[in-house]
Amino acid sequence: MHRRLFMKTSAAAALAAGLPASPSLAQAPADFHIAAVLAFSGAYGIIGKDMRQGVEIAVAERQGRVLGKPIRISWEDDETRPQPAVQKATRLLANGAQMIFGAVGSASTLALQSLADQRKVPLLVTISADDKITRVGGSRYTFRTSNTLGMEIRMCVEFAKARGLKKIYGVTADYQATRDGWELFQAEAKKAGIGIVGNDYAPLGNRDFSVIVDKMAKSDADGIAVMITGNDAVTFLKQSGQVGLGKTKAQFGPVLQDETLAAAVGPASVGVFSGVRYHFSVDNAANKKFVEAYRAKYNEWPSSFAGEAYDGMSWWLDVVDATKSWDREKWVEAFRTSTRENSVEGRKVMRTCDHQAAQVGLWGEVVEGQAPLPPLTMKITNTFDAANLFEAC
Amino acid sequence: MSRVRDGASAGGLRCENIQVAFGGLKAVAGVSYDFKPGHLYGLIGPNGAGKTTLMNALSGHATLSGGRVFLDNRDITRLSVHARTRAGLGRSFQITKIFSGMSVLENLQLGAFAHRYRVQPFWMPASRFRDVREDAEKVLEQVGLTKLAHTSADYLSHGDQRALEVGLTLLGDPRVLLLDEPLAGVGHERLDQAIDLIRRIVAGRTVLLIEHNMDVVMQVSHEIVVMVQGQLLASGSPDEVRANPAVRAAYLGEGE
Amino acid sequence: MTTSHLGRLAMAAIIAAMILVPVIQTSEESLNLVSLILIWALFAIGFDLIFGMAGMLSFGHAALFGSGGYALTLLVTKAGVGFVPALGAAGMVGAVMAFGLSIFALRVSGLFFSLLTLALAQLVYILASTKLRSHTGGLDGIPGVPRPELFGIDFYDNRNYYYFLIVVFIVGIAVMALLRASPFGKALQAVQANDVRAAQIGYNVQRLRQCAFMISGFYAGVSGALLASLMFYISPQMLHWTTSGDVLIMTVLGGKGTLLGPILGVAVFEVLKEKLSQYTQHWYGILGLIFILCTIFLPNGIAGLFARKAAGRPGDAP
Amino acid sequence: MSTIVIGLSLSFLLFLLAAGLTLIFGMLGVINFAHGALYMLGAYVCFQIVNWTGSFWIGLLVAPLVVAALGGAMEIAALKPVYERDHIYQLLLTFGFILVIEEAVKIVWGLDYKQVPTPDLFSQPVALFGSQIPSYRLFIIGFGATVSLALFLLLERSRLGMVIRAASSDADMAQSLGIDVAKVRTAVFALGAGLAALGGVVAAPLVPIELGMGFSVIIDCFVVVIIGGLGNIRGAILAALLLGMARAAGFTYAPEWVELITFVLLIATLMTRPAGLFSRKGRAA
């Protein structure tokens, strides 16, 4: 009887708690509220934490203020799924957030875009790579300061040319963006006179590549193009490592490896080539300052996620601050024509036509690192010029 | 009740060479018989003789591996259980199958709905259907459960549950009744009452009755059909069967 | 299971109060949350028609839910159909999908029915996320799912859309209440209680199951369409088996076999998820603990708290 | 030929993944949705042990024991009170387990990837039938075959297996024969949990160790269990072989259709022989 009563009350309390009093605001905001919708769980769960740390450095650098008001960030977990991303962003916008930061997965970001356009709220993207996110005539409110997949695919072609590869066997995730990526690679490779000897589409979330690896090993390819990312890429490299595929053929891909993924692969990652979005070893003053601050605060090297997040957010906040206005349209107008001279990756130019930041492409190889570097680290081997990586608008 | 009878002589059930096999085992191995309208047949035989399986074959619960079933010269072999019920074939089960979680009246109302409507009405609450309630109450009286109408079926005594089981077969006023051990588990003190109930409801119907209590079977049946090992061994009036040496050897000798 | 008259009133009062909260409070947050609850509640009461009433545990409802969402999206954006007719069509598509599933799944019963619906729905999910990507947008889904355009009201305003949802919800729950009380509903209960006897007294058990499944599919289709519209977004994630799992959990949590229980289940589930994730990053585990405790201590769900205590007319589910 | 070897390794991996699930279902009638979570936990515990001791083999031995103990505790604490209730409550309960286990793993090990390297003994490929076959795959085949044989003998041929089957088919009868049914159930659940963990340990050198890994295998496990017939160990072995070979062939000729092939196979089984493709007559689950 007691329990029954208790449960009844708590159920009622739970319902009541769901409906809190939070008066919406109409006048000048008390703070600059950022709705950060990132993945803190699910397939990309690990990325959210790094991005948060990067952003926190960016905020700390300006003493936590923009436009004279404190910056408030609501961190939300989209579980690497679009629906919670929209759900949570909607709630935060309802509570008066002035902009959205995120998401991680391209699917989530694409979903957030229509929300951003609907609510006329800027959306800052620093990780999702799907080409569709920034396109001519696309979302007015979306900006991406990080790499696109298309650009990284072109880096793959540039690498294949530079390395003198003749025959390529590909493995591509059965997913629209990577399929498009493979098509682009194939077309560009053919132009460069590089042959394609095979390609397999593997289901997303595939856990066994042994048959495909066997086919690759038996082929006469000298290069293996891995158009898969994240968990699946780790699985592929672990399993290709068990037959030593990398010893005879160069394994490379758009975002195949970084320090985090290399750690997940283990020793088999050594010698794998990959596009690099950001790297802590990039030699410029802005980056040195960031890396120092980051290591001091978190006692670890900033990942590409942290670096890109830091870079995009500092750029954005600088531009917003310069407008001296709370009008979001002014921010958008200012950002779409801005240039970041002192980005941590070098110069970045926001393309007015599609809101994509044009930038150099970093390319690296996994090598064994000496302390204090991580045991497996990326060594930047090539830096490709932006002109070769972006199609003109 | 609403069902229109085909005529006074309706209710003939005929089976031709019925066979039911489970895997390699032939539970019913070619049974042919003509059950005449209005007669009560006692179906007896030792355990495992295939009595219930034969009944299942007639009511549509068992899939035939051969043979045909006719109800009033209409071939019902391919009809499903519910279609046979609609054609006028009622059946009770050895193991009580009533709707638990509902009252006795609700149980019977369900039967009445099933018979009255081909498409179950969904536009009005069930409580508004007076005619259905009347159907149910009539059966309630027949089986003597009027006083217990609003009791949950789960809380009935065993004897009352058996009465409800029989009552459920009566809705729709079937021409043919298949009763599978309606007295199973009924205690001595209620036996007379139960037999009385059976006597009352069988009037005017063709009935096939499986019952282990020999006294009862011999008392109520017009004719006895004896099954052994999936086949018919003998049939005839109670006296004839009692006198049949083959039956004595195969069945009566074995006791219950 | 049976709930007492008073208990039902209490539940109805709680639900009504909850639904009306955004009317009194101006917070957009509660508006959004209640909108979400209304949609999932519609899904759950439809689900309970076959789960609680007919006793069939479908693990394929995600396919019905998602197809409804896609039907609306494609009809409005590609074919230029109006929102309200498209919403009706979404329900029909849900029902037709249910019919399709039932052709396969109703050949088996019990646990195998659950597993077969799961497998079929998962097949739909895989098809939608790979082979049909030109229509479904693949795993990226389709952003920009529209909202209704009626009487010059701007339903892109969440408050207006919320009123729209209330209307649909009330119609949905009224129809469901009638269905459950009707001879059709009673027949489903009979099928659940004893399908052999139900057939023996003349019910066409398979057809009843099929009808119930299709009606349930209609509810799923409509609610899926409403959810896509609320989110402005649809993806094959809606078709994933975990969506079926979610609606099942909410229904059991609330109390299966009751009209109002599933709604309470949805409300508690959504509120917990929303609130816990705001207060702690460990909300996931806490939610799990709550499920475990509820399963052990609330055998009849939240609705069980409102059940009559007298033993004279027992009514626990079998 | 190499496809067959790889197919065999896929098969035995699938079997190791699914064995615990089918065991728990067959003996306890519980659909353990947390199976995937226990598999993941096995991989994490193995990672930890490898980290401490440097030996994969100790991990292979100890991690399943640790998870089995945990499984036993789960059974005693939460599953006991709900055996008598509908399947659905057990399902809900095990769903709760998933969330709790994932949270616990998140707290203990964090979100980043962990990796267990291929044990040195099996790190070099072997040339077989014109292919370089990873020797770890050969280990999986040998180990999987041993485990499946052991399980089969344990459940179908040993006295302990008889006790377990008696307790599962008629608890009251078993009780009256002096079998402690409660203990048997705990033991079976623990064994099932341990097998899940064993699957996780064996898979650890092949895949990234992360929170989602359990979730991603659960459907595969169900496919094997269903095709094999619920609760049927022998069927699960055959189903795993069928599925593994089908996948190996699928990856060879049409990788993008592999998942669809799997589900079509599953649906065909459920429709034609719901008790499992390899169920013996009269031995439906």
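Points worth noting:
Per-chain numbering from 1; labels A, B, C and D assigned in written order.
The rule is short, and it goes like this: a residue touches a chain if its C-beta (ideal position, glycine included) is under 8 Å from a C-beta of that chain, and two chains touch if they have at least 3 such contacts.
Every value quoted in this text rests on a predicted model; they were computed, and no experiment measured them.
Looking at the partners of chain A and chain C together, the chains they share are D.
Common neighbours of chain B and chain C: there are none. For chain D, the chain whose average C-alpha position is most distant is B. Each chain gets a centre from the mean of its Cα atoms; for chain A and chain D, those two points are 35 Å apart. Centre to centre, using the average C-alpha position, chain B and chain D are separated by 49 Å. One inter-chain figure worth recording: chain A and chain B are separated by 72 Å, centre to centre, where each centre is the mean of the chain's CA atoms.
Spacing of chain C relative to chain D, judged by their CA centroids, is 32 angstrom.
Looking at chain C, one finds that residues 130, 284, 317 touch two or more other chains.
Shared interface positions of chain B, defined as residues touching 2 or more other chains, are absent.
In chain D, the residues that reach two or more other chains under the touch definition are 106, 256, 259.
Chains touching one another, given as pairs, are A-C, A-D, B-C, C-D. Listing the residues of chain A that touch chain C in their complex gives 3-4, 7-8, 11-12, 14-15, 17-24, 40-41, 76-77, 81-83, 86-87, 90-91, 93-95, 106-107, 110-111, 113-115, 118, 130, 132, 174-177, 203-204.
The part of chain D that touches chain A in the complex is made up of residues 2-3, 6, 9-10, 13, 106, 111-115, 117-118, 123, 125, 130-134, 136-137, 203, 205-212, 216-217, 247-248, 251-252, 255-256, 258-259.
On chain C, the positions that touch chain A within their shared complex are 14, 18, 21-22, 25-34, 36, 129-130, 133, 137-141, 143-144, 156, 158, 231-233, 235, 237-238, 264, 267-268, 270-272, 274-275, 277, 281, 284, 297-298, 302, 305-306. Every residue of chain D that touches chain C in the complex is listed here, in rising order: 78, 81-82, 85-89, 91-93, 95-104, 106-107, 219, 222-223, 226, 230, 256, 259-260, 263-264, 266-267, 270-271, 274. The part of chain C that touches chain D in the complex is made up of residues 57, 104, 107-108, 111-112, 115-116, 118-120, 122-123, 126-127, 130-131, 241, 245, 248-249, 252-253, 256, 282, 284-292, 294-296, 299, 317.
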